[in-house]
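Chain IDs A, B, C and D follow the sequence of writing; residue 1 opens each chain.
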Amino acid sequence: MPVNQEFKPTIVAFCCNWCSYAGADLSGTNRLQYPANVKIIRIPCSCRLNPMFVLRAFQRGADGVILCGCHPGDCHYTTGNYYARRRMTLLFSLLDYLGIEKERTRVEWVSAAEGAKFAATMNDFCQTIYNLGPNRRLEDLRCKSE
Amino acid sequence: MQRIGVFVCWCGSNIAATVDVKQVAEALGKEPGVVFSTDYQYMCSQSGQEMIQEAIREHRLTGVVICSCSPRMHEATFRKTCQKAGLNPYMVEIANIREQCSWIHKDKITATEKAVILGRAAIAKVHLNAPLTAGTSPVVKRALVIGGGIAGIQTALDIADAGFPVDIVEKKPTIGGKMTQIDKTFPTLDCAACILTPKMVDAAQNENIDIISYAQVEKVQGFVGNFSVTIRKKARYVDETKCTGCGLCTEKCPQKKIPNEFNLGLDNRRAIYIPFAQATPKVATIDPNYCTMLKTGKCGVCSKVCTAGAINYKQEDEIITREYGAIVVATGFEPISMEPFDEFAYSQSPDVVTSLELERLMNAAGPTGGTLLRPSDGAHPHTLVFVQCVGSRCDGAQKGKSYCSKICCMYTAKHAMLIREKYPDTEVYVFYIDVRTPGKNFDEFYRRAVEEYGVHYIKGMVGKVTPQDGKLKVQASDLLGGRQMHIDADMVVLAAAIEPDKSARPLATMLTASMDTNDFFTEAHPKLRPVESPTAGIFLSGACQGPKDIPETVAQAGAAASKVIGLLSKNSLTCNPCTAKPDELMCNGCSSCEKVCPYGAITYVDKPFRGPNRTTLTRRVAQVNPAVCQGCGACTVACPSGAMDLQGFSNKQILAEVDAICR
Amino acid sequence: MNWTETIERISGVNPRKCMKCGKCTATCPAYEEMEYHPHQFVDMLSSGRVEELMGSRGIYMCLSCFACVERCPRNVEPAALIEAVRTAVLRQQGANHMKADAVPALLEEELPQQAITSALRKYSKGG
Amino acid sequence: MQERVIEKAAQLLESGLCSRVLGWKKGEFFYDVTPGVFTTAQEVRNEMVFTPFCGANLSKYLIAESRKEGKVAAFLKPCDTYSFVQLQKEHRIRRENVYAVGVQCEGMCDLDSLTALNLTGITGAEGLGENLKVFTLYGEETLSRKDALSLRCNDCKSKKLLDCDEILGESGEEQDSHRFDQVEALEAMTAEERFAFWRRELSKCIRCNACRNVCPACSCEKCVFDNPNSGVENKAAADPFEENLFHIIRAFHVAGRCTDCGECTRVCPQHIPLHLLNRKLIKDMNQLYGTYQAGADFETKPPMLDFTQEDPEPSIITNGRDSG
């Protein structure tokens, strides 16, 4: 993925501790490369992700935020990812409604055995964000319209 | 202000190869609050840990950040290390700069830069860590084994031996599982029933073991040490306490034409049946789909005939709810369906059978009374063709399984040997890709089949089987002989691939145990923790975790039992201290959190609060039971006022990590 | 001219997926007429003996009945491979397997018209 | 109707059934009716009103009032009763301390709806049954009340009076309002247009917190924006983004609890159409998880605190769907 010098996207990945964090580790153990722009924050379950954290990441200059969790039905806490699924769907819909590019946010279910899928998802997401360019809209949603 | 120590690990060359550890240590040393920063080849080694303890004492550290491998690897180690040095174990944070940094980036500059950022995030988090102490929760001294095959029985026996009560829940009317359908077992050729039935009787008579047969698990709640399981015991329409198992009713029942699942449909049984002679519990069961009395209310022959008066047509499903400290999954396997493999004409000719069906045909208690006869015309077969790897080692996408089913080579060698020994006039061909007999005395067993009993092992595959005028025209390739063979066979036996029992899927969701793409249960660690599921308190025994033969199953059953005994012998478990904690001053008492809590750990109470000008207001506030809460965090997001926060992963900590990463 | 690489590109077959079980050869109805059999196509491609395969007469005996593709447990598609070998042969100068003037000799009353046109398609470049 | 309301209030106070009455009080201007608590029948007769400008939703005040000693009577319009039920569902109101009087509502007007009819120099207005008499410097004007209804009353979703101890007039029925038209219009725009629309609207926000203070669903003991250790505490926005953070987080917090009463837009001094944010979430929730009206009953679980195994994946948004 050609990352030219000027635009280095910052991508925050929230990974649930039981499945996708283990999936990330597995892709590491298999030495599957994905861009260094992705930084992973470990949360106990995908249901721990508060929309505030996603907005805070964008506010602090992140260009893309992805939430990885267990496949529905696989959640260590039985129902965690079902709530996360609803919350993220509404958050993405609201951001899209405000005119923010909807490709900047994504949810992906990655199990502990899917190291390859994790790496592939990160590569694909980085490429999408790289094509989208830096995150301008969320920054200046406030300044005067032309 | 926190006094933080940063320790960057080389992990030999795993990290140091692509991350400049010195630069990372130096960069993190400048972060606010960091008073000590160093690097070392192996932080997790004895000397590495001593270095940490030394630094804690010397620099009076209040927080420790270790940039090393994944926390899933050594979080526990480093927490113990710091605890020994007098630091609260939850004041330690780990930055994963190996699996999520050094191993996945080749360019040293970017990898180092990322390692520094990850380190900063960990430092930002540790600044806001609060010392936590793990609470304890009681352990219910009773185990549950789901599945009554050899795996379940062996696990239950071992647990019962250690003095703990254990329940076996078996879906079928009797325990015993697949092994009861098998004739002889490899490599010793002793008869399956002879070595299994004593264990079944043991299990039945053992006062610590309670067999709940013809029942399925419906609901599982709670967590390790405190599972509450709801079991549905299906109605048998026969009173277990009265029935003596005499079998009179099974002879008199007018409904005769029901395919007998125990013999895989090769013969019929009655509407009221006992699967086989040594069934445990030896109690008749009425099949509601076929019994005319239950369907139309006209018949009742069995209740007239029954001397013990055990028949009760009004019997209802019984719901049993019990508390357990540990659960062992032993749901076993099923051969896959042969329908998609129409090139072998499995559904066109009764003489094309799977290996399990062959077991029944050769078994003394089987439909043909032990003599091998062709299902089509009952004649004695003279040429048999065995086809290996049917559905195994396939592409796995369209049809068949991608894995090797492990047990087929051995049981095919066993079948070939037994047939050649009992009927020397038969010709036996085995078409194989490669024979895999890696166990103890296994290869010698296979060589005996070839050398002593003259079984024709041909490296090649059967391409097509066409049933024609009473014979099966087999067209196969002989790769070593470089020829295409055409054999007129009397019977073709398919070594079908095996897959997990279908009922395992809903069970996995109930137990929050995850499954791999082939629906086998995923173990906590393939090499180091093969008999535990990632969910604490759930253990795996037998083929539900992957294809395996009886010796391995029994070994794994023993291992699972020892893990259960290890768990049940504890009076209490230290539970996860990272639980939710409400801030009562800000709690609205709106019970949003209670609605999303999967464990029901939240209750409400009216508490007095100081109101304006010295009045007291009583307000409804939430309370979390730390022993029940597992720390998932669903409530923290459902709570609008942010009153509910999760210790160890608090809102402020995660926001600090986000800030550190995006800075 | 590196034939192995071109044939892999044309056919899209990955010979490494083959586990040498021989099921394709077992189901091949034209086994007797060929000196190299379907499992050998794959093996020869992966061991670089493609020229030898292109020289053999057997590649024209394949009926493209696709039984080997249907039955292969690893989805290796030997038929697609041999089709690519035939195409590679035809692409060479003047290497048409069936010349136009040879056709009348092969004609028989009951030979369906379709057989001739499909043979021309398969055995000559012009098709 | 005003006389009946005043009579009822006075009668409740004199009979001693209630020690206080929560109703609408004459404000400084005719269109500026403020909520008020009356303790004596005499106060009620002087200051209590029920004019076509009583837009205020009184149920939020019951949180504090129901905790005090003695019973409080409260006059609630149909849309207010939805908030009343929703707050009870969240155990915020002690029902036993409240005597709820439902008041039939013909739809309320406000200054904007009058000026929209380019009436100038308005000095007063009076409701006369079906129509409205407006006094201006240049003479009187009588028009039908329907034309002067405020925006939210035009697409009123229900005239039903829920959980009332007594009703003045009748309790109406739910109406299929086209309240999502504006949301659909916005969704039909391209992302750039939507972004420009919201940038223009949200840039007007002066963080006066009026929308939060009036919203019955936004009634936390201590709001996350006022709480120093919430991590997102901010009074005035430090950077451009924090303005929108406030509105997005607020919309998210009330998701599933907002009864779409429209108070936020009514009180916004900058006339930002804040209800369009909440309505968008309500529309999505109805579309994705089944129609749900907050405060309609006491049992059903709000969509954000519930789930089904078959919920659509978030990619339904990111990979695009017909946003209509």
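In the analysis below, a residue touches a chain if its C-beta (ideal position, glycine included) is under 8 Å from a C-beta of that chain, and two chains touch if they have at least 3 such contacts.
Predicted model only: the values in this text are computed from it and were never measured.
Asker: Look at all chain centres (mean of CA atoms) and spot the one farthest from the centre of chain A.
Answerer: The chain lying farthest from chain A is C.
Asker: So the centre of each chain is just the mean of its C-alpha atoms; given that, what is the distance between chain A and chain C in Å?
Answerer: 49
Asker: Let me have the rounded angstrom distance from the C-alpha centre of chain A over to the C-alpha centre of chain B, please.
Answerer: 30
Asker: How many Å are there between the centre of chain C and the centre of chain D, using C-alpha atoms for each centre?
Answerer: Going by mean C-alpha positions, chain C sits 77 Å from chain D.
Asker: From the mean C-alpha coordinate of chain A to that of chain D, what's the distance rounded to whole Å?
Answerer: Whole-Å distance between the two chain centres: 36.
Asker: If a residue has to touch 2 or more other chains to count, which residues of chain C qualify?
Answerer: Expected reply: no residues.
Asker: Pull out every residue in chain D that's touching 2 or more other chains.
Answerer: Only 231-232, 304 qualify.
Asker: Among the residues of chain B, which are close enough to touch at least two other chains?
Answerer: Residues 596, 638, 651, 655 of chain B touch two or more partner chains.
Asker: Every pair of chains that touch: which are they?
Answerer: So the chains that touch one another pair up as A-B, A-D, B-C, B-D.
Asker: Quick check: in the complex, which residue numbers of chain D touch chain B?
Answerer: Against chain B, the touching part of chain D is residues 67, 90-92, 219-224, 227, 229-232, 253-254, 301-302, 304-306.
Asker: In their complex, what parts of chain B are in touch with chain A?
Answerer: Within the complex, chain B contacts chain A at residues 70-72, 96, 98-101, 103-107, 110-111, 113-114, 117-118, 121, 508-509, 512, 514-517, 522, 534-535, 578, 596, 598-599, 630-634, 636-638, 646, 649, 651, 654-655, 657-659, 661-663.
Asker: For the complex, which residues does chain B have touching chain C?
Answerer: Listed in rising order, the residues are 343, 389, 393-395, 397-398, 400, 433, 459-464, 475-479, 484.
Asker: Would you pull the chain A residues touching chain D in the complex into a rising list?
Answerer: Within the complex, chain A touches chain D at residues 51-52, 55-56, 58-59, 72-73, 79, 82-83, 85-103, 105-107, 137-145.
Asker: What residues on chain D touch chain A, complex-wise?
Answerer: 186-187, 191-200, 202-203, 231-232, 237, 239-245, 248-249, 251-252, 255, 277, 280-281, 284-285, 288-289, 303-304, 307-309, 311-318, 320, 323
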